[in-house]
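Next come two complexes, and both contain chain A; in the first it sits with chain B, in the second with chain C.
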Partner chain A sequence: MRVEYINPFVEASYNILKEVLNSEVVRGELYLKSSSTPVLGVAALVGLAGDVEGRVLFDMTKDTAIGIASIMNGEKLTVLDELGKATITELANLITAQAVTKLHDLGFKFDLTPPALFTGENMEISNSQVEALIVPMKLSCGKIEINVAIRERA
Partner chain B sequence: MKIKGDAGGIGERKPDGQRVDGESYRVLIVDDSMFVTKQMGQILTSEGFQVVATAGDGEEGVQKYKELYPNIDLVTMDITMPKMDGITALEKIIEFDKEAKVIMVSALGKQDLVKKSLLSGAKNYIVKPLDRKKVLERIVMSLNK
Partner chain C sequence: MSNAAGSLVLDGADQKEGQEHNNQIDFKMVTFSLSGKDYGIDIMKIKEIAKFSSFTYVPNSAPYVRGVYNLRGDIISILDLRILFHLPVDKKAENEETQNGLILSLDENVIGVVVDSIDKVIGFSSAGIQPPHPIFGDINIKYISGVVENEGRLYIILNAERICAKDDSVRKAADSALPAAADTAAAAVSAETYQEPQSYGNSLAAEPERDFIRETLKTFKGFSITPVNEEWFTGRFAEWKEKKKQQGADLQLKSADDADEYLASYYSADTGRFWEDDTAARYTRALAAQSGKIIQAWSIGSGKGFEAYSFAAILARKYPGVMLKVWAHDNDLLAISTAPNLVFNDDELPEFLGPYIVMGKNGSSFQTEFKNKIFFEYHDALHPNSLPELDFIMARDVLPFFSQEDQARLFAEFHEKLKPTGLLFLGDNEKPLDSSRWAPVSGARAVYKKS
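Now for the complex of A and B:
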C-alpha cells in the first residue's frame, strides 16, 4: 500500500480527534494486520471507490465509543444510543472527508460511501484481497484503531 | 453540548439570531446526521435563532422549504445525503425562490464542491467539524448578502 494513501488518513485522524475531543491524542506505531482482524466492538466503516478502492474502518471498544460520544455531545451518555451511534458515524465521516479532500488535492479521484456502523461481540473483518494497515490513536477515553485497506484500481 | 468557540451567554448585545424588529431569524436545518442537527440547532438557538424545522435528506428539505415559504429566512444544507444530495436540493430551492439564503455545510472541503455550491446559488460554505464562531460569522454574513 502506498504511503500517499495512508498519510492523509493518519493526519486527518489526528487533527479531527484532537479538535472534537479537545484533548491530546497520541499516535501509535503503524503496523500491518493479517487477513483476518478481530473488531473491538464498535466499528464505523467507510468505503472508497474510484482511482483507488478499499475501505477505512474506525475500530474501538463500546466504552471508548460512549466516551467519545459523551465528549462530542457535552453530556454524559451511559449507553450507545441512537445519538451516540450518530456521533461515532459523524466522527468517521469527518475524518474520512478531510483525508479525501487531501487526496483529491494530490490528484486522486474517488468517492466515499456513507459510513456504516457495526456493533457487536466477537466480530472480525477479512481482508483477503488487500493488506490492512493499522494506525492506533491513544485518546483520553481509550483508543481507536484506524484500519486502512486501500489499493489502486486494476 | 460542548461546542468549540463557545463564548458563553448572549449578554447585553443583540444576539445574531435576532432581526432589527426583535423577531428571530427562522432556520431550516437539512442534514442526515442526528448529531450534526443537534449541534447546529444548539449553536443557532443559543444565539437567538429559531429552528423552525429539520429535514433528514435533500428531498424532505426542498419540500419543507416550500411548505414554510415565505416564513423562512435561512437554510443550512448538508451535501452528502440519501435520496437527494444537498447540491440538487439547493438548486431546487433556488429554482423555487431565487432569493433563498442557503448555506452549505459539509465535511468535504474540496474546492470544486465549494465552487459548484456557490455557482448554484449558495450564500456560503461551512466545513465541518462545526466551530460556533465560524458558523455564526458565515450565517450573519449570508443574511446580510
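Now for the complex of A and C:
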C-alpha cells in the first residue's frame, strides 16, 4: 500500500475515535497481513473506488460495539439493536470520510460506498489477493482493528 | 501527522527493549542427542569431539563405565551417558564400529562420554537459561544445570562436573574393592592393541565454528546464508578467521556490532545511500535499448528511498521520453514513510541525479514530476502484490533477510513478473537460487536475465 495512504487513515481513525468517545485512544503497532483474518463479531465495511480499488473494514467485538454505541448515544445500551448498528455504521462512515478528505487534499481521488454492517459468530474476511494494513486502536471499552486494503487500479 | 509519527518512534523503542535480552551471546554449548532428546554441554568443558572405536573393558566397574581408552597416549575412562541416565541404547548403533563421543576436559581429569550423535554448536545469552525442572524425570536433576530453548528446540544443559564427580567417587569405591583395577587393566593391554580415536582435529573443529557464525548472523541481523550468498560466506569466513588469528581475538561474533563488522564487505556498492556516478554508470551499461513506450520497475527493500531514486534516475536518463513507473517497496514502515518527502543536503551529490533535483528552503529534494514516477509502498514482499509485468527488478542486498524457503518463493515471483527481456539486479555478492532459470548478463556484475 502506498505510504501516502497510510497516515490519513491512521490520523482520521485516531481523531474521530478520540472525539466521539471523548476519552484516550491508543494506537497499536501497524502491520501488514495477507492471510484470512477472523472477524471479531461486528464488522463495518466501506468500499473505496476511484484512482484505486479497495475497502476499509472496522472490526470489533459485540461488547465493544455496544460500549461505543452507548457512549456515542449518551445512554446505556444492553443489546446491539437498530440504534446501535446505525451508530457503528455512522462511525465507519465518519472515519473513512475524513481519511478520504485528507487524501483528496494530497491529490488522490477516492470515492466511497455506503457502509455495510455485518454481525455474526465465526466470520472470516479473506485478503487473499490483496495485502491489508492493520491499524489496531485500543479504546476504553475494548479494541477496534481497522483493516485497510487498497490497490492501484491496473 | 506529528501524532502518528511520534507514536511510530515509540513503537520502535519498545521493540528494541524487547530484543535487548538476546543481544549478548555469552554461552555456547555443543549439543548432542541421547535417545532422541537434545542435550548440551558447555563448550568450555569440551576438549574435542571424537569417534571411539574400541574400548578396553574394565572388569567390575559400574555398568555405565564402558572402559578405558588410549587418547594419544593418555589413558582416559569412557562413560556411556545413556546407561548412566537409564536411557535405551540403540542396539544397531551399539554394534557399529565407531561411536560418537565427546572428550570433556575438567579441572583435574579428562574423561570421554559416549552419546548417540553430535548435533552442532549453538550460542545464546545465558540469561535465557532456565533452572531445571523436576519434571525432567529421565535424568537425575543433580546432573542438569539448566534448560534452554533455541530455535524451537528445548535443550537440557548437563553439568559436566557433577557427572564426572559421580564417576570419581564410584571409581574410588571400585578402586578400594579391587585395588587399582583400572590401572592394571590399562597396563595389561599393550599399546598396539589401542586404536587412536579418529579425532576430528582441525578440519572438523572448524565446521562448528562456521555453523556457529552462520547462526549468530541469523540471530543478530536476521541474515541468512543460503546458496544465494554461500560463496561469499566461504571466502569471508577464511578471511575473518585469518584476521582474528592475527589479532589473537575470538573468532566468534558476540554482539550485533561484531555481526555488522563481519557483514561489512557483503553489501553492494553504495547500498543505503545515493549511488556514486561510477555505480550508476556501471548499472547504466547493463541496460539494453528498449523499444517499449512504458518501462516498469520494482525496487525491493528500498528503505529510505536512496536506492529507488538512484535507480529511477538512471532509467529516466537512459530512456528519455518513455513513461517510467517504479514501485519501491519496503516492510519497514518508518523508513519507507520518509522516502516520498526525502530532503537532503546536496554538498556531494553525484552528477547523474542533478537534473532531477530542486533546491528548497530546508535542503534539496526531488522534482515532483520525477517523484511521481516512483510509488513508495509499505509492502511485505512475501504477500501478494498487484504489480504488472516488469522490465527491471532491483533486489540488491535484500534476499539474505529472507529464509531460503522464502527466497525460493521470491525468485519464482521474479521469474513470473519479469518480461522475457527483463533484467534482475542482485547484490554484488549474490546469485540466483535456481541457476538453471537465470543466466548472467555478460559484462555486468550480478545482473541476470531469464534463461
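Keep in mind that, in the parts below, the second predicted complex is superposed on the first by the 153 of 154 C-alpha atoms of A that agree within 3 Å, B and C clash if a C-alpha of one lies under 4 Å from a C-alpha of the other, contacts with A are read in each partner's own complex, and residues count from 1 in each chain.
One rule holds for everything that comes next: contacts are C-beta pairs under 8 Å (C-beta built on N, C-alpha and C of every residue); 3 or more make two chains touch, one makes a residue touch a chain.
The shown structure was predicted, so the numbers you read here are calculated from the model rather than taken from an experiment.
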**Report entry** Clash or fit (per the criteria above) of chain B with chain C on chain A
**Finding:** fit
Requested in this report: Using the touch definition from the top, say if A:Glu152 reaches chain B (first), chain C (second), both or neither.
Outcome: second
Requested in this report: Mind working out whether A:Glu121 is in touch with chain B, chain C, both or neither, as first, second, both or neither?
Outcome: neither
Report task. Go through the superposed model and pick first if A:Val3 touches only chain B, second if only chain C, both, or neither. Result -> second
Query raised in the report: Where does A:Val20 make contact in the superposed view: on chain B (first), on chain C (second), on both, or on neither?
Result: first
Report summary line: Once both structures are overlaid, the C-alpha centre of chain A sees chain B and chain C separated by an angle, to the nearest 10 degrees, of 160
Requested in this report: Superposed on chain A, how close does chain B come to chain C by Cα atoms? Whole Å, please.
Outcome: 18
Report task. Touching chain B in one complex and chain C in the other: list those residues of chain A. Result -> none
**Report entry** chain A-facing residues of chain B, complex
**Finding:** 1-4, 32-36, 38, 80, 82, 106-110, 128-129
Query raised in the report: Across the complex, what residues on chain A touch chain C?
Result: 1-4, 6-7, 10-11, 14, 27, 29-30, 32-34, 128-131, 133, 151-152, 154
Query raised in the report: In their complex, what parts of chain A are in touch with chain B?
Result: 16, 19-20, 22, 71-75, 82-83, 86-87, 89-90, 93-94, 96-98, 100-101, 104, 112, 114
Query - Complex contact set, residues of chain C against chain A - result: 1, 3-4, 7-8, 11, 331, 333, 336-337, 339-340, 375-380, 382-386, 388
